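My structure is below; once you've seen it, I'll send some questions.
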Amino acid sequence: MTASSGPFTWKARVYWEDTDGGGIVYYANYLKFLERARTEWLRSFGFSQDQLAREQGFVFTVVNLTVDYKRPAKLDDELHITCVAHTCRSASIRFAQRVYRGPIVMDDPAAENLLVEAQVRVGCVDCKDMRPRRMPDFLLNVLSSKELS
Amino acid sequence: MTASSGPFTWKARVYWEDTDGGGIVYYANYLKFLERARTEWLRSFGFSQDQLAREQGFVFTVVNLTVDYKRPAKLDDELHITCVAHTCRSASIRFAQRVYRGPIVMDDPAAENLLVEAQVRVGCVDCKDMRPRRMPDFLLNVLSSKELS
Amino acid sequence: MTASSGPFTWKARVYWEDTDGGGIVYYANYLKFLERARTEWLRSFGFSQDQLAREQGFVFTVVNLTVDYKRPAKLDDELHITCVAHTCRSASIRFAQRVYRGPIVMDDPAAENLLVEAQVRVGCVDCKDMRPRRMPDFLLNVLSSKELS
Amino acid sequence: MTASSGPFTWKARVYWEDTDGGGIVYYANYLKFLERARTEWLRSFGFSQDQLAREQGFVFTVVNLTVDYKRPAKLDDELHITCVAHTCRSASIRFAQRVYRGPIVMDDPAAENLLVEAQVRVGCVDCKDMRPRRMPDFLLNVLSSKELS
């Protein structure tokens, strides 16, 4: 799903469930697309969140986010959602993500087909008490090899 | 929330989140309204599902349902959702539910403001293994006092 | 996406957005999966619902449905959703649909990985007034060539 | 719904539909609660968004937002969502919003029951082409009388 030179990208189709009465994708639903891309980014390293929860006892939760809605997505659009881990600390990861309509020519904030731009910080928390905890080393090692800054 | 003579009724407003690009409430979202009414019906007996899960170790899950979509609900409509337990067995409850736009004059399948009619059977399952299990007696006793048939 | 001998099938992954606090897919959300499969079934004949709405002035809405929830789907499951048009009249289509966890060996109601079974009738309505209307001939001709009964 | 001295506040209950498999409210669903409060804030001035769309030809869409997730909400929680319009220009409004679990003692960022803090900018766009447009004077006059800065 990822072009060799570009950022990790995941595709998703816009269905009726995603739109609202204004005829465009409902603003909260872009957060679902963003999370699907983060989940598949993690899976591209061989990690399933269900497995991490059951076997390692932790989940990722979103700590904060900013979203810029630049252009609306519509029914039947094919979205391309990028996912770049900008920094990865022992208990949290900071993602830069973009949602495009159709293929990405360049990952460019001025692109005509760039719909949404987001910064998302997710934290690692313990399943039992939902308190922050350090990611296991095998995960940190793999992710840090992809760290950008 | 319930008129003395009529069925248990819960009110809900239609927001943007509930509508789709056709300008009406998305068909899956009526199931959310139906469940809010069932949850509040149970709460009217003093039971919170969160508490039942944590303290008694069981949850209710939907076993099957039928839904008739008669007229569409729209943004800003105030819905009145009824909830009647038709039969209550040791491990399941069968509900008849209706969704009206605005106040219910009579709980009548020919009413002009009847939007949706549903039959929903929910089963009691154990939180640990999701297998069917008998409801505790204190719950059965309270519910059966309201049983209709 | 469709095996040559079996019914039309569409795949969907279960993400966090689809699950609820019981750890399984929320009962309303299966209706989203069912609709994605119907949308892609229609697209397999070359029809986009967005285009039909804009150029032909009609949409499909669900008239009624029955759903049997047999086994729960969980986070990260890969669902296979089938879609068979049982009858197609001038203003409505009746679908039989099933949701499986993982690949379908046989489209069999006794299969171990069959999670949900549904019957869904959708009607063709005019975008302007949401009243039933006849589908255009080009659509009826294509669909009836696939009609089963 | 609003205490005389505090910010505009709207109440919402957490249902199964809002939670995810982690047992807490799914991060995108807080955006639904935030919007319900903005919708009811507007309704407190006598304006329904459905009516504004049909009679005045415009809708509000979210331009950008930031959200801080401080503590998770759970099933059955009663949320209190505040809504303050910080600035109101001719084509957009900037809101500060908070989500509390249970009653608000003080609208305080250090409160123990503060779950979510958000900044949301919404723009007024034309229904026909989704392009920014000036709000009508009758709306600006009413809103600006509540403007804080």
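So that you can tell them apart, the chains are marked A, B, C and D in the order they are listed, and the count of residues begins at 1 in each.
One rule holds in what follows: a contact is a pair of C-beta atoms (placed from the backbone, for glycine too) under 8 Å apart; a residue touches a chain by one contact, two chains touch by 3 or more.
This is a predicted model, so every value here is computed, not measured.
Which chains sit in contact with both members of the pair chain A and chain D?
Of all the chains present, those in contact with both chain A and chain D are B, C.
Most remote chain relative to chain A, going by C-alpha centroids?
B
Would you mind telling me which chain pair, B-C or A-B, is linked by more contacting C-beta pairs?
Of B-C and A-B, more C-beta pairs in contact link B-C.
Using CA atom averages as chain centres, what separation in Å is found between chain A and chain C?
Their C-alpha centroids are separated by 27 Å.
Between chain B and chain C, tell me the centre distance in angstrom, where each centre is the average of that chain's C-alpha atoms.
Once rounded, the distance between the two centres reads 25 Å.
Measure off the straight-line distance from the CA centroid of chain A to the CA centroid of chain B, and report it in whole Å.
Taking the average C-alpha coordinate of chain A and of chain B, the gap between them is 35 Å.
Taking each residue of chain C in turn, which ones touch at least two of the other chains?
Answer for chain C, listing residues that touch two or more other chains: 16-17, 22, 24, 28, 32, 35, 53, 74-75.
Give the list of chain C residues in touch with chain A in this complex.
Against chain A, chain C makes touches at 13, 15-17, 32, 35-36, 39, 48-51, 53, 74-76.
Which residues, counting only chain A, touch chain B once they are in their complex?
Chain A reaches chain B through residues 16-17, 19-24, 26, 28, 74-75.
What residues on chain C touch chain B, complex-wise?
Chain C reaches chain B through residues 22, 24, 27-29, 31-32, 35, 53, 59, 61-69, 72, 127, 130.
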